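The next block holds one structure in the form of structure tokens; read it before the comments.
Labels run A, B, C and D following the written order; every chain starts at residue 1.
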């Protein structure tokens, strides 16, 4: 049952992605991008990951706002005629098809959907987290215990990544980073 | 940008405090129920963005000025860094160890358990909220760049 | 040789100083320079003291089975010394160089974040943790490339960010496949559980190799490097070319390829072919360049090819040659970028045709550029010669005569293009508009002189046998020993600090 | 079957990044690739009718090992989602500055104007 719902959501996201690729109007690509994010968030909910569903929905809202802010008055219609001719796209299509076939039959060896590889061996870190996550860290939400205690070093790196990208965005958005007196901005 | 129509303003006025309350709830209950520092912080940032969209930049600046969000952003990440380094400084503990839980373990299933997880959630919540709001004001400010005003 | 307890300092100090430096607005200029140089100096001294220490550090007190472990061995302490040396020099250099830009405190905090990312990548023993710190270093370098705010720099930074994000997504896909195979994240546990004959592990290795190859700008993915490294401010392109493409590119290919997946002849052949191609194409592209920084950027591609060629031989001599060339290239390439930065700082000119006779006006920069050009070209007394000689001999010993010929040809072409730089820029008569150029300020001079002396001293590291045993041998042993890395990490489970 | 659909989504994102010339389209292609890899990671950890890895009372404490979904991919994907938000913010600000300097989002025109 869950597999069927996930398939449905995946097809919905693939159709959304096709729309995003072929659409001319920038603003509507941003909006369709939002629907893909929401489809992903609902998929997380069905896969038993409520943590991810909340974070994905909220992050998707913020990225939707940022994308719309970027495209709102810059919505120039793409002129269709100068899109690259079909010839230059065929080699790319061939590579993509070969890549898909090769990866497709390698993916057959993945553990079947529904019985993950960690289930079998008790020594796997996931089982250790599930078994004594509560006793060792006191947190009943095992995912929060992983993020902030067992692998808290990752989350420090994670907070630094967000901190770096925010500083980067702010330093790029500053209008005048070079002193004006040396050379004017042409 | 003077903001949107009157209906939006009235609703925004009503809703914004509940959104902040919901964000704080998500942060504080990060170790009990789904959610946590990231989700709660982004929700708080979304409430301030709602104010900016509904009432325009001047009103939002009164709520949380650009300088204030810059300071809060740094404070949140420095708090998280300090909790990690504190674990390193305590002789018996390693870097990032949950020393609060080891010395004073709370009883499970209520808020005051799991030592540094609660503190770190609050730190991440402050940081994510403040930094996303400062990016949004930078993008919004960029929209109407009055020529030559930004000569920092 | 201090205790392993100080290992996390390599991430604590840069992160802490990055966060603190970001608080200052642009008014307190002296304080930001002071904090920046003290912090990077302390890191450099710590990396020298930490050289030779081996062992694990269990973050949070959790054992390797389910916690994150920091591993330091011969190779990672070798990388740490290289990274922190070049970063310290670049920070000294940028005290004067960055006067032209506003917001110096934000520049320093981005630089320290990149340093924290590189240090974090070289000491971590956990595959997802390596991905997170790789992201920190990469995003900080996207922002720093586009720091100048001019149109070309923004366009180069956007193209670099697109290529970097595609490679990061490929790396994450590789990590997902590895996790599905071994359901573990610690590199040593992965190495123990993975069976490399399985098609999924090979696919994971291909994705990881493609991702790291793109970060190291090897031939099929080198398009972004010339724009990114030439449009970044000089100290930043010194760090980018000197250590960034080596730490998140070559070091990770080598660490995961040799120590975790176990080296196979196919993997070595791929390294050899990619290395040889990069060496040749980099040099050929560099011949026609007239912009000094683009010329240096193309040479970075070819020298990275050298390193991959050396390590790809698989023989202990080849690996030692490759690793020694990694350290040499870090020193003389960053020195060349710093020279071009000081020339640009005094004259504001980057095009070789418009320069001339600068050694009369700028004696120090002239001398250091001469030393750096001689060592990159491989002229005997200096360090570049020894590492290229090592790779050359290793090629012959391993029986790959074709690659030995390639090594020789590339060395000659490098020599010719750097003679061209020397002739155009530093000899001949001074053009009229540059007649009153003055020498670079104090800090820029000291950093260039320090790197020039390092170029000379490093040749001793190879000649003096005892120094070679101390510096190069441990790093080479880590790679030649291959999968024994797993036992050294996992057997040290007893010494868990503060475990509950 | 589900994994290959994830793969199709990944390839669509890669295709959008490689062939599209509009800066915003390239950024959106990158975000689609990131979403595809995140979904693939969480799909790997699913257990048929598995429960959420949260222990709400003592009775559940002993049973959670047999029934719960894999918590590790959730922790890693949470980090990866926030990383892709950070990259999106940086690249959108780069695109806006490029639009302000060159007056267009089209990367081929930008290369020609560079001169």
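Here, contacts are C-beta pairs under 8 Å (C-beta built on N, C-alpha and C of every residue); 3 or more make two chains touch, one makes a residue touch a chain.
The structure presented is a predicted model; accordingly, all values stated were derived computationally and were not measured.
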Farthest-lying chain, centroid of Cα atoms versus that of subunit B: C
A-D against A-C, pair bridged by the larger set of C-beta contacts: A-D
Computed distance of Cα centres, subunit D from subunit A, in Å: 1
Length of the line joining the C-alpha centres of subunit C and subunit D, rounded to whole Å: 28
Separation of subunit A from subunit B, taking each centre as the mean of its C-alpha atoms, in whole Å: 22
Two or more partner chains touched - positions in subunit B: 33-34, 38, 77, 81, 84, 95-96, 98, 109, 128, 132, 135, 138-139, 142, 152
Set of subunit A residues in contact with two or more other chains: 50-51, 55, 59, 62, 66, 69-70, 103, 110-111, 116-118, 125-126, 129, 134, 140-141, 143, 147, 149, 151-158, 160-166, 168-170, 172-176
Where subunit C touches two or more other chains at once, by residue number: 15, 19, 22, 59-60, 102-103, 128, 132, 135, 139, 142-143, 146, 149, 154, 157, 180, 183, 185, 500
Category of the chain touch graph - line, ring, star, complete, other: complete
In the complex with subunit D, residue positions of subunit C that touch it: 128, 132, 135, 139, 142-143, 146, 149, 151-152, 154-155, 157-158, 161-162, 165-166, 168-169, 172-173, 175-176, 179-180, 183, 185
Residue ranges of subunit C touching subunit A (in the complex, touch as defined): 15, 18-19, 22, 59-60, 62, 65-68, 100-103, 106-107, 109-110, 113, 116, 120, 126, 128-129, 132-133, 135-136, 139-140, 142-143, 146-150, 154, 157, 180-185, 198-200, 203, 348, 500
Subunit D - residues contacting subunit A, complex: 1-9, 11-16, 18-22, 24-25, 27-29, 31-32, 35, 38-39, 42-56, 61, 64-65, 68-72, 74-79, 81-90, 92-97, 99, 104-106, 108
Touch list for subunit C against partner subunit B, complex: 8, 12, 15-16, 19-20, 22-23, 26, 57-61, 102-103, 497-498, 500
Subunit A residues within the subunit B interface of the complex: 50-51, 53-55, 58-59, 61-62, 65-66, 69-70, 73, 134, 137-141, 143-145, 147-149, 152-153, 155-156, 159-160, 162-163, 166, 169-170, 173-176, 180
